[in-house]
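Letters are used for the chains, namely A, B and C, taken in the order the chains are written, and counting of residues starts over at 1 for each.
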Amino acid sequence: MFAADPLAPTALRFENVTFSHGERQLFGGLSFALEAGQILWIIGDNGIGKTSILKLALGLLKPESGKISYERDGVSITARRFVGYVSHKDAFEPLLTVRETLAFWRDVFETDPETEQDIDEILSQFGLSGQALQRTHSLSAGQKRRLALARMHIGNRAIWIMDEPKAAMDQTGQALIDSLLRAHVQRGGSALIASHYGPAAISKNTRKLILEAPQ
Amino acid sequence: MISYLANPQRFLKFARIARPFFMAGAIGLLCFGLWQSLFVAPADVKHGEAVRIMFVHVPAAYLSMLAYTALFVASLVSFIWRHNLADYGARAFARIGLVFTALCLATGSIWGKTGWGTWWEWDGRMTSVLVLFFIYAAYLFLWVVVEDQKRAARIAAIFAMIGMVNIPIIKFSVEWWNSLHQSATISNVGAPGLDTVYDVPLWSMILAYTCIFAWLSIQQVATDIERARSRRAPQTKGANIKIEDV
Amino acid sequence: MTALLKRDLMVLLRQPRGWLLALTFFVLFLSIIAIALQGDIGVLNRIAAPVIWLAVVFSLLLTFETLFTADVQNGIMEQYRLAGLSGLSIVLSKFIMVFLTSIVPLALAIPLIGVMYQLPMVHIAAITLSLLIGAPAIIALGLVSAALLSGQRSAGFLIILLTLPFMIPVIIFALAGINAYPIEGLDNPGFIALAGLSLLSFAICIPASSAALKINME
């Protein structure tokens, strides 16, 4: 069901990764593995380096030292095409409507027309039916998050990387995220989530990585 | 040798010896060259005393090209290996290149006043040097405008590499354009038929300029290394990391 | 890539101020020159080709400032990259879009300028042809500068400073071609050199723009 090979488990590994912002070291010797079916929450105060870990995982930043790798069937791959990303930015063209936005991203992801879900169905799943014809610039912050989640859902990627997905979300929105994650993990997907909210125990494979400022 | 010097520590050690060496070379050669060109070399049959401007002008023209070639090589190295020293080098070469291109234009203009009777002619050679000046300026503006210096280095490197491809084309096009409308007499004055009596002053000036170039580049790179070092905050410890089950 | 192009065109139709502004600037700029020269048709005829070319270059570069900035800064570019789109296809779709929405309207406006400047037919044809032959070079050179500056919130003037020196050969060959066109026809040395320059600039600048976009995403 995921891009390329359906059920191939994909693992993400950080080995002894060091990263600095300017001249300030954010973290050194960071190692963890995210196997298929696992969720890892990254917890910590603002500015401690949560987003940097996500961007390193995405390949948008390069580590100072150490190794970040993806592995699928014992073959190492790059992040592109295997990860879905919900960033803290909007990342939508403001002049397109919600419906057009999803149709556009479906084209970009080149999803299989045989199995692709109807856009109206997706809209109602993400609670955006009422906004289908609204341009994205007029959406509320929570609605934009929902749209970003819908885009990631369409992308159908093995690893989800999310930056504060629950920020600006109402109760039903937070529940939506939890249920999406549950379904994702059951299919063998995994997720790396930065948050300063308390993590939810979605499945027994949930862990948290805590970053604390040094004394 | 380049990979040996790629380490900032070793570069500083090298700079301590090389800087005074090139500085002495530059001053010595400059004194000798100026004495040769002002007092020893005879006045030219065609240009008279004005021929002496050539000894400051031609080396400046040569250096403006040398500096760009160095800039290109440094940019290539910086782009492929992302090395700080290559970035410092590229910026230093561009600054020096800009100054010598300006010197080349100024001395060319003075020479033009004696040769053509005007300060400026839209002659092919002068025009392409003028464009080179603008390219240096645009390159250095990139460093100023892009605040994140690591990114500025990579962006400027791409610009310098595109420039390297374009400079010969610009030169060719401008000379071709010039040949369409300039009368032959004007362009001939720009190309001195070199008498062998001018070899000694000209070559000593070219060597002197090259030493100045080496001296100033080493100086600037060494300063950049030291500045980067002093700016570095005392090694802060990164965040403490714990992994727990939820 | 077709999806990108479709999106860009859709956005442009919804917010046409970008290219309309460029077109208005083009006509206004050339009118001002005619007014400044007190409508002296003799002089206007002589300088028509170079000033039209300069007007094209400036009106294009002014729209290029924002070509990539929005997508880079609001994170769309990151999403493209993660979705597996290559930088090349992003740049190529912009290239086609600029050709359709900027070069074509400007080329269509040249006969109008020709009427205002009382240019002979053959001269109008020569200028329009030179613009079409040189378009890949102008767009490609502008795209690199836009991509290099896409991480800056306001690069404004610098894009002109970066691009103009490299435009010099383009302008020289275009004008030589225009002058030779009435006698030597389309395959004169100026136009041939211009076409070569278009190919070369395209080949160099498209990958360079893609690399620059990647740097500005980091």
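In the analysis below, a contact is a pair of C-beta atoms (placed from the backbone, for glycine too) under 8 Å apart; a residue touches a chain by one contact, two chains touch by 3 or more.
What you see is a predicted model; the values in this text were computed from it and never measured.
**Student:** Draw the chains as points, connect those that touch, then say whether the picture is a line, ring, star, complete or other.
**Tutor:** The chain contacts form a complete graph, every chain touching every other.
**Student:** Which chain, with its centre taken as the mean C-alpha position, is closest to the global C-alpha centre?
**Tutor:** So the chain nearest the centre of the shown protein is C.
**Student:** With chain centres set to the mean of the C-alpha atoms, which chain is at the far end from chain C?
**Tutor:** Here the answer is chain A, farthest from chain C.
**Student:** Averaging over Cα atoms per chain, report the distance between chain B and chain C in Å.
**Tutor:** 31
**Student:** Determine the centre-to-centre distance between chain A and chain B, using the mean Cα coordinates as centres, and give it in whole Å.
**Tutor:** 48
**Student:** When the C-alpha atoms of chain A and chain C are each averaged to a single point, how far apart are the two points in Å?
**Tutor:** So the centroids are 38 Å from each other.
**Student:** Quick check on chain B: which residues sit in contact with 2+ other chains?
**Tutor:** none
**Student:** Going by the touch rule set out above, which residues of chain C reach two or more other chains?
**Tutor:** Within chain C, residues 218 contact more than one other chain.
**Student:** Help me check something: in the complex, which residues belonging to chain B touch chain C?
**Tutor:** Where chain B meets chain C, its residues are 131, 134-135, 137-138, 141-142, 145-146, 148, 151, 154-155, 158-159, 161-163, 165-166, 169-170, 172-174, 176-177, 180.
**Student:** What does chain A use to touch chain C in their complex?
**Tutor:** Within the complex, chain A touches chain C at residues 58, 60-62, 79-81, 83-85, 87, 89-93, 95-96, 100, 104-105, 107-110, 151, 155.
**Student:** So in the complex, the part of chain B that touches chain A is made up of which residues?
**Tutor:** The contact residues of chain B facing chain A are 231-233, 235-246.
**Student:** Quick one: which bits of chain C touch chain B in the complex? Just the residue numbers, please.
**Tutor:** 144, 148-149, 151-152, 155, 158, 161-162, 164-166, 168-169, 172-173, 176, 193, 197, 200, 204-205, 208, 211-212, 215-216, 218
**Student:** Where on chain C is chain A touching in the complex?
**Tutor:** 2-4, 6-7, 10-11, 14-15, 74-76, 78-85, 217-218
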